[in-house]
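Note that the chains are named A, B, C and D in the order they appear, and that numbering of residues resets to 1 at the start of each chain.
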Amino acid sequence: MTNKVLNHYREQNLDRARLLIKCPDQPGIVSAVSTFLMNNGANIIESSQYSADPEGGNFFIRMEFSCPELHKRRNEIEQSFREIATTFKMDFEFCYVSDIKKTAIFVSKELHCLMELLWEWQNGDLMMDIGCIISNYEDSSHLAESLGIPFYYIPANKDIRKQVEEKQLTILKEHDIELIILARYMQILTPDFVSYYPNQIINIHHSFLPAFIGARPYERAYNRGVKLIGATSHYVTNDLDEGPIIEQGVERVNHRDQVEDMKRIGRNIERSVLARAVKWHLQDRVIVDGNKTIVF
Amino acid sequence: MTNKVLNHYREQNLDRARLLIKCPDQPGIVSAVSTFLMNNGANIIESSQYSADPEGGNFFIRMEFSCPELHKRRNEIEQSFREIATTFKMDFEFCYVSDIKKTAIFVSKELHCLMELLWEWQNGDLMMDIGCIISNYEDSSHLAESLGIPFYYIPANKDIRKQVEEKQLTILKEHDIELIILARYMQILTPDFVSYYPNQIINIHHSFLPAFIGARPYERAYNRGVKLIGATSHYVTNDLDEGPIIEQGVERVNHRDQVEDMKRIGRNIERSVLARAVKWHLQDRVIVDGNKTIVF
Amino acid sequence: MTNKVLNHYREQNLDRARLLIKCPDQPGIVSAVSTFLMNNGANIIESSQYSADPEGGNFFIRMEFSCPELHKRRNEIEQSFREIATTFKMDFEFCYVSDIKKTAIFVSKELHCLMELLWEWQNGDLMMDIGCIISNYEDSSHLAESLGIPFYYIPANKDIRKQVEEKQLTILKEHDIELIILARYMQILTPDFVSYYPNQIINIHHSFLPAFIGARPYERAYNRGVKLIGATSHYVTNDLDEGPIIEQGVERVNHRDQVEDMKRIGRNIERSVLARAVKWHLQDRVIVDGNKTIVF
Amino acid sequence: MTNKVLNHYREQNLDRARLLIKCPDQPGIVSAVSTFLMNNGANIIESSQYSADPEGGNFFIRMEFSCPELHKRRNEIEQSFREIATTFKMDFEFCYVSDIKKTAIFVSKELHCLMELLWEWQNGDLMMDIGCIISNYEDSSHLAESLGIPFYYIPANKDIRKQVEEKQLTILKEHDIELIILARYMQILTPDFVSYYPNQIINIHHSFLPAFIGARPYERAYNRGVKLIGATSHYVTNDLDEGPIIEQGVERVNHRDQVEDMKRIGRNIERSVLARAVKWHLQDRVIVDGNKTIVF
């Protein structure tokens, strides 16, 4: 059924793309890009832009457009855009809406984030093609199978990290994975692994970063006596819990909430924050700028 | 002191304007407008757009730009823009940031919204030139005087509505008022009065509209046993509490909250919701589209 | 697995109960009740009270306590409490935590609320014994079966309401249902049906009541141009959408959100609002007082 | 006018008090206390309790009650309560509602928190008797004078901390100050000073603690790229920003918000969070338990 939904979505969006640009700020960028799109018969449906610093910083723009026969003219359009790109020193990317992103979900024992992702995916709210679920526990195998998603059980611990990641990388390549979602996967990834997927690994950390970086954040939040707890979704870099933040959320707690209550409340924050971050990534709304994100 | 702040702001923004456009959607609008601005030496600082319905609806855009010597070239630029405007059948307006809007605040006995507006104004968060405060009570006269704002005490009731409004209109014209803020002004305005200021009168209603239209909303919220109360800021039209909504806010209440508690909690919602709506209007971010608003 | 969780919870809570009381306010109530509990060897774990009107209104109290050998001494304790109850003209109820409530979930085509309830139930966050799922569509049958929950498909429309409800009532009695959850069940219940389950039917309405009572609330919210949409969970009475409100929630929307977006955002509000209302009911935290609720 | 409000409040509440208790948890506490109050003719209006750990931790209770002729019977009641207090090893305090707390507000250059406190105070939302305003800048002197509040200008820097605090302590004693509110007072207090007012100094820190402890939190929040910013109100201890947290709040920010925007948004969070914390303290709702607070 989900394949039917994905295929229908693909067909509906054959003519639709998003153009993401980052370049030094200067007058004339919007004019050049919008004139280019018009000359190619495209209609701009949504456009957002941001000047990091109007006096000499970077300029970012995301334009979503539809263009008749786009799927046949991709190469031609991209080629002819290179001239403008060179003039304005642009980093740019055309993201085609019908190229639904292939994703892998990593999970450990706690399944609430996985379940939320699968639920929103079945519901058509997360347009992604889930290539596989990888876990160091077997708990989610039935769930994966019931939905027809390949499931790989790869036990893991810090002593066998290298072998584990080799297995994982093989699977990821096999499935052409473009985005890895760490849905409460409780193993640290090596710099080697991360280097293969720059800004393509989204993690959910169960605290309001930069508070409570590292392990056991709810226990530490409880001990500090905070009145709000949170969760943070970010791209994974080599610095633990220090990658560019995509989204954060919080909920109130009070003196009655023990560590277990905080974990229970936290599960709801985690799953909704992660789902929002993933959705925005899938819609090509997130641009990484140094250690920050621009979310259009 | 505030005049110094306003003058400083004017000087800092002599070259800055916002172009607001509404027109039938079609390809080429962004290209035409951005090329026009570029050709006039303008740099686009912020741009937001919205297609009500990509297939045949209206298109809206707000572009904030800076342009050297703008204050000397206003007429020239506006004149030369007419060609594009005609081509695309545009309603358009150039709003100059240095033309700080002249406002009048109407208030009755409850002063919390007035105080919030004055506080944010003194703080530089609301860039407006307060021409006068008009009230049917004398309670706020000292406050107005201490800030050097002309205060007019005009007693009002439904039997003398016509005379009252005539006096008010005279004062408003004298001060060249462009925006009237009803900061808990508890008198109904006549269609005649409203017709002089289309989409230029902002009201705060003390409920989450369309719930509890009309009088005594907190009493009715209490009687219904709601778990959230709210406030709504909207442009005034001839239908009571039915004008285009600009902003809304809510807070939780519980069974312990009596009507007086709801009013107290509500005051905080009202003042922040009204202040946000006014700020967005002053920044030319609100476009009225039928009975709705687009807030860029 | 869930049965194991429920049985474990039952055993852990054999000695635990909640005493709910409603009576005319007067001095000495807390003293009498707490002394009674102490004399019976009980330890008060949590206590909340509320005086509707300290001068002559009703008084409400919820005391959660643990008492050794409670499961063997229920009758004895309830009997001996009658004396106090008579003195203070109390309505009272002892709710035993180990008597996990038997519930039925009614659902139509939209499954998000059902899925949330099942998810929180599997997770141990909703302590209820789901006796059956009843639907006028077959969509959720697989889901129910996969969890071992009896599923009843009963097609319904307004012309066969009486027969439909007779079937439903037979099933509900068979399963000793104590709480009916309308998880987006899109059929109106007759006064007859409602009379069998006073304050035992919880509905989720997809608007911020009393705004948008009745059908198609998202369409109407869209047309009114509201900036927040909401959902309301309430007990069902014979007045459509007018029963005592248990919980409400809202989320921001903006001019870009079409009706479909509002429905998508609304689904998240609906499922979390309903789940909170059900959880509080299961924990005996909700006392109905006229057309309002006290949520302790 | 405000004195009139305070005097009216005093007279209305001559018979009203709050009893705060902390003691080792054991059965019979509520029974003993409520029976004591009943025997003294008191009516319990509100009661909240909390067991830190039902198996061997501390028990906390706050009972608000009214009692005829209370203002004449204080000594008698407190004396006769000592027996129960000894039996249950209680720390206890009777707080009389008519003893409106004498407070001092410390402020530096930023006046938004001061203004909010004064506004809510004038409005009758913060029932306190402001003895004085102390500042290391002269900016707020006019405001203080216009409200008839003694203002003390005491320039301060870290080299003259001892002399400054001596002057401050003299003033505080002269005014019988019971609560010091640091409304963005940007000087560090010495352990000596703090030792005179244990759990009687409330600070507002402009971050979501424990994130961004110390100086320049908005700059650091901006650099980290967080998506929510916050403020924290806490009692002052000798560890900078480490005292027991009373209340926290957050608001969303995005990539467009520069440091100045965060400060502006932050001002609204700071003033409302501080005002809530102060209100709860004035209502004797906050009990300090180690490095945490219980907020009843």
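Brief remarks follow.
As a convention for this text, contacts are C-beta pairs under 8 Å (C-beta built on N, C-alpha and C of every residue); 3 or more make two chains touch, one makes a residue touch a chain.
Nothing here was measured: the structure is a model prediction, and the numbers come from that model.
Looking at B-C and A-C, the interface holding more C-beta pairs in contact is that of B-C.
With centres defined by CA atoms alone, the chain at the far end from subunit A is D. Subunit C has its Cα centroid 43 Å from the Cα centroid of subunit B. Centre-to-centre separation of subunit A and subunit C, using mean CA positions: 37 Å. Subunit B contributes residues 25-28, 30-31, 34-35, 37-38, 41-49, 51, 54, 66 to its touches with subunit A in the complex.
Contact residues of subunit C toward subunit B in the complex are 50, 208-212, 224-228, 230, 244-250, 254-256, 289, 291-295.
Residues 112, 115, 119, 123, 125, 146, 264, 267-268, 272 of subunit C are the ones touching subunit A in the complex.
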